[in-house]
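Two complexes, one shared chain (subunit A), two partners (subunit B, subunit C).
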Partner chain A sequence: MAHTIRARLSGAIVTLFIASVAVFVILRMLPADPARLILGPLASAAALQHERAVLGLNQPLYVQYVDYVVGFVHGNWGFDYGTGAPVLKEVVTRLPASLELGFYAMLFAVIGALAGAVASVGARSRVVDSVCRAVAFVGLGSPPFWIGLMALVLFAEYLHVLPGPVGRLGVGVSAPPATTHFYTWDALIAGQWGTFANAMEHILLPALTLGLAPFGYLFRLLRHSLREVSDEDFLLVCQGKGLTRWQALMRHGVPNALLPALTALGLLVAQLVAGSVLVEAVFNWPGVGQLVVNSVLAREYGVVEAFVILSALAFIAVNLIVDSLYVVIDPRLRRPSVI
Partner chain B sequence: MRVVTTGEVARDPAHAEAVLVVKELTVEYGEGVGAVVAVKDVNMTIGRGEKRGVVGESGSGKTSLARAIPGLLGRSGRVVGGSIVVASTDLRALSERASAQVRRTAVSVVFQDPLNALDPVRSIYSQVAEAIRLRRPGGRHLRRPRMRSAIGALLEECEIADVARVMKQYPHELSGGMRQRVAIGMAIAGDATLIIADEPTTALDVVTQSEILHMLDRVVSQRSAALLFITHNLAVVSEFCDTVSVMYGGRIVEEGSCRDVVRQPVHPYSRGLIGAIPTIAGGRRELVGIPGDPPSLSDLERGCRFEPRCYLGHGVQVCCAQVPGLDDVPAMGSSRSVRCHLIDRSSGGGLGPAAA
Partner chain C sequence: MFASGHREATVGLGVILVTVAFAWLGPQIWRADPLAVNLANSLLPPSAARPFGTDDVGRDVLARVMSAGQLDLIAAAAVTAVGGLLGMSVGLLAGLRGGLTDNASMRLIDSLLAFPPLILALAISVALGAGTVSAALGITISTVPFYARLMRSEVLRVQALPFVEAAVASGCQPSRIVWRHILPHTWQVMTIQASSVVGYAVLTLAALGFVGLGVQVPTPEWGTMITAGLSYVLSGQWWIGVFPGAMLLILVIGCNLVADGLGGEAVGSVLTGSTRNLPE
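After this line comes the complex of A and B, so read on.
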């Protein structure tokens, strides 16, 4: 066990190192001068020179990198060139919006995929199967921002059943008292039903859009593994004990079919982070993804670097959790066979 | 607690109440032109305490028969004709829920491959407990300490030594033999009157095989349950079954008391089966196999399924044109019936080309 943890940790450090170096070098190669961006088009050459010195841009690249890493670890993530606000603070204030969106997207993906797989394999329903496969196909094959745009056109523009891209709440609705910083949860905690409904309305389309690709991936995976498990003898044995086919599938088939899908979770989180950047931009969602889009356009080093490193951290954390979950769930890994 | 009936009365099918009555059972896989008839018009009655063996090659329909009775044919198979009556309930008329209820109380199944018979992510405790909860009256309300002792007693009955340890283990930590013992334990967790064992020892080594067979024999006898024992191994059948049905091409071709059939098989196919077993005592003799392969069950049945491989009937007109009936052979004792055109039923069942 200790060995596994050590191996995982060193792997994590290598991943972080590569991700941070890559983003650092790429950003430095962009033809933009942060000093110019900060001081504006009218700044004098001397002022620019001074600003570069303050930012450390005259130093060799590896010195800049080391400075950056040391600063990052100490919570100094740079500052926003436009407003001068620290990046750390900007990211932290926007993170809950992204997390809430990611949470509902994942919820939709997992529950939808599981329900679809169980219905198409367990109930042997061809209709459900075809519909789910079609949706999965679209989800995997289309860019999420395009799906988001189409959904907006359909539901907000033509049908008028859901609000347009105005953010987390409608105009004139104030945010519920902050406890978890998830508007839907906070509204429930505060008992503000109207706010809850409003927050739900606003998060529905972006969450579905963001969750579509993970749904497609998970559905195909679960459908396949559930099919394989449902041909196993032990499900017949369970039915032989007196469970109905349906009970046997739910009690013994699904847990076994979930195991291979667990590995995919890490991958899905990566997909979610990548998708969130453009989906947030499309829906005007005040999350980290939107911040990143704006920062890329404005050549803001600090924000983009922080985002990439945070994403790498999230990816590593999810994979670590998944690996440990495996050990908890699958006895074959917990106690390897001696026979 | 349980009524232990030994002695010949319970074993004689004529005197015993019928536990299983199968009539004209036909099982098909697939649909339309490619449909395969795996079991065709099988009739079978098993009385309380009777141990019935079913032998045949792979593809003879014996496993389909074993799975059709408890309604576990799976996705592609289905019963298309006939009736299956267990404890005077027609299982074919039942809903999924009601037939699950019958499997809970009246019918138990032990499958062929013990390595896949248990859920790999559940402990032995949890799986046997599930069987007890489902099968035993009041088992649903057993609390942990009493459940533990109930499971312990059950596993001990199946000759598992270190019960406390095995309970905590997972299937992958047990040998094949141990897993089959656990599977049998789950099968006898209730008061099933019919136990179906589908080649329960085929996947095991010979020593374990005989231990498991003796154990199965004992627990079935103690419960005076009926046993339907499916195997391709005639030696195993002759060791502990009372009666035997020989299956070929989805049909029963010979039926009778086990001892008689093994000693004096009548149907050419049974003769082939028995001729293919080496003996230790009988000195050197050539082992006679059966030439050819089992028939394709998707073909239309025109005559006797065995005709192409039969040393008597190959090319004989009646064998090619007409499906023989499963008829009694009075000369061979009370309970023998054989599906063959060519045997002389009056004179001792001696095989002669009567029709030729």
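After this line comes the complex of A and C, so read on.
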């Protein structure tokens, strides 16, 4: 088991190295002239030369690469030209908002997909099956920012049941004392029920919007694997021993059907990261995704670069954890790999 | 199961053909200029004279949705074809050669897979500068890994089948074995992958347009049109963003139906979110 995990870990490190070279080449080498980008079209030749020296662009490539990796590890991610704040600080202050949104999106997606799959396969409900499949098709077939727009038109503009795109809290509501930096949790800890309701109200639409694509993905996956499992002989054996069909499915079918879903976790994280860029800006959610959109529009490459590296890091880490968990959960994978 | 799958694929193909007809035949019937600005007619709601209404500078939304459809469909087709050609070549070489070629190319492909696809496309188009071509290039590169990995595993699978051995034994040229015996057996899976890539390409082009990369104003594109519509949601002019998004949804659902109907759910496609096999 340890052998397999070690193999996965070394594989992840190699991937991380090549990925960092890829980011370096794409974002440092491809732009025609970073000095020109920073100083603008009117800069003099001398100023450009000076800027290149400051950026280290006259150094050999491998020196530039090492400088860039060392700088990144030390948290030296450059400055946001708009606010003048260090990129690291900007990202760290915005991260809790994104994480809270991602948490609820994932929660809705997992609960919805599991309930939908069990109802459509286990309880053989045609209605639930059709509705969930339709929602999955819409979730996987449309850009999240369009879903957000439709949700706002319906719930905020016509039905007036949920607030419009105003961020994490309503006007005049102050943030609860910071413990976890998740407003909903902090409000609960501080016992501020009004603030909790307000925060939930504001996070509901963006989280549902962000969770729609992961829901579609998970529902299709769970439905498929639950169908396969429900045909297996061992469920028949369980029923022969005296369990009802329902008990056999819930106790022995669902855990087996969950296994393939674990593999998909990395992909779900990728969907959430990409989705946060597309959803946060719509709801004026003060997270990292909104920062990225603003930075691309303002040509702030430092922020974009940090975001690209961080999302690759997160993606690799999640896949590594999932691969290792798989070995822990599935005994068949514990023997040392032949390759 | 098989019959219903074929029906699904046929419906999907029909949906795609309808959007193609909408984009190219539509403008022959609805002869409004998608770029003509008319401030006197700005923000008109849908009516018989203007079925999809007008936008903030009085351009006809129906004409723009049609014209955007042409651009999106062409871009998606180009991305699917070029990405497919690149990815399948890499996968074929890796699968046939094995050894160092296989290891090196798959490491490279894995490092591309280390980025969420949209983020990779975003990074490349940021580096190349905003524009339709650089966005399409970014999306193309982000699709290469999907084709390459699938092609490699297909080549490995087919290579091990007895009829390939028989072809070798009967003295076939290696190139003939590849073209006549191995490649034809990969087409079905590759078609499934390609049809889901079409949907992915349209969605990602729209997403890059939303971020401000990709297609630039005033050229109509579904993603940038939705983005423009966002500013008018709360003032009640919903039609600017809703119609282009609806067309996009219809097209992508068509592509996903084709992928599903051809057996995508069984084969497992990363892009449509179908079931994947257990990791090896």
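The definition used in the following text is that the second predicted complex is superposed on the first by the 268 of 339 C-alpha atoms of A that agree within 3 Å, B and C clash if a C-alpha of one lies under 4 Å from a C-alpha of the other, contacts with A are read in each partner's own complex, and residues count from 1 in each chain.
Throughout what follows, contacts are C-beta pairs under 8 Å (C-beta built on N, C-alpha and C of every residue); 3 or more make two chains touch, one makes a residue touch a chain.
Predicted model only: the values in this text are computed from it and were never measured.
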Let's test your reading of the overlay: on subunit A, do subunit B and subunit C clash or fit side by side?
fit
Which partner chains sit in contact with A:I329 here, subunit B, subunit C, both or neither? Use first/second/both/neither.
first
Quick check for you: in the superposed arrangement, does A:T244 touch first (subunit B), second (subunit C), both or neither?
first
If you stack the two complexes on chain A, which partner ends up touching A:S142: first (subunit B), second (subunit C), both, or neither?
second
Which partner does A:P260 contact after superposing on A: first (subunit B), second (subunit C), both, neither?
second
At the Cα centre of subunit A, what angle separates the centres of subunit B and subunit C, to the nearest 10 degrees?
80
Contacts for A:V161 in the overlay, against subunit B (first) and subunit C (second): which applies, first, second, both or neither?
neither
Which of the two, subunit B or subunit C, is in touch with more residues of subunit A?
C
May I ask you to decide whether A:L236 touches subunit B, subunit C, both, or neither, giving the answer as first, second, both or neither?
first
Classify the contacts of A:A312 with the two partner chains as first (subunit B alone), second (subunit C alone), both, or neither.
second
After superposition on chain A, the shortest CA separation from subunit B to subunit C (Å):
15
Residues on subunit A touched by both subunit B and subunit C 259
In the complex of these two chains, what residues of subunit A are touching subunit B?
124, 230-234, 236-247, 252, 255-256, 259, 329-332, 335, 337-339
For the subunit C and subunit A complex, residues of the former touching the latter:
107-108, 110-112, 114-119, 122-124, 126-129, 199, 203, 206-207, 210-213, 223, 226-227, 229-230, 233-234, 236, 238, 241-242, 245, 248-249, 252-253, 256, 265, 270, 272-276, 278-279
Touching subunit C in the complex: which residues of subunit A?
14-16, 18-19, 21-23, 26-27, 30-31, 136-138, 140-143, 145-146, 149-150, 152-153, 156-157, 164-165, 213, 216-217, 220-221, 224-225, 259-260, 263-264, 267, 269-271, 273-274, 277-278, 281-282, 292-293, 296-297, 301, 304, 307-308, 311-312, 315-316, 323, 326
If we count contacts the way the header does, which residues on subunit B are in touch with subunit A in the complex?
67, 70, 72, 74-75, 96-97, 100-101, 103-105, 108-109, 111-113, 116-123, 130-131, 134-135, 170, 172-175, 183, 186-187, 189
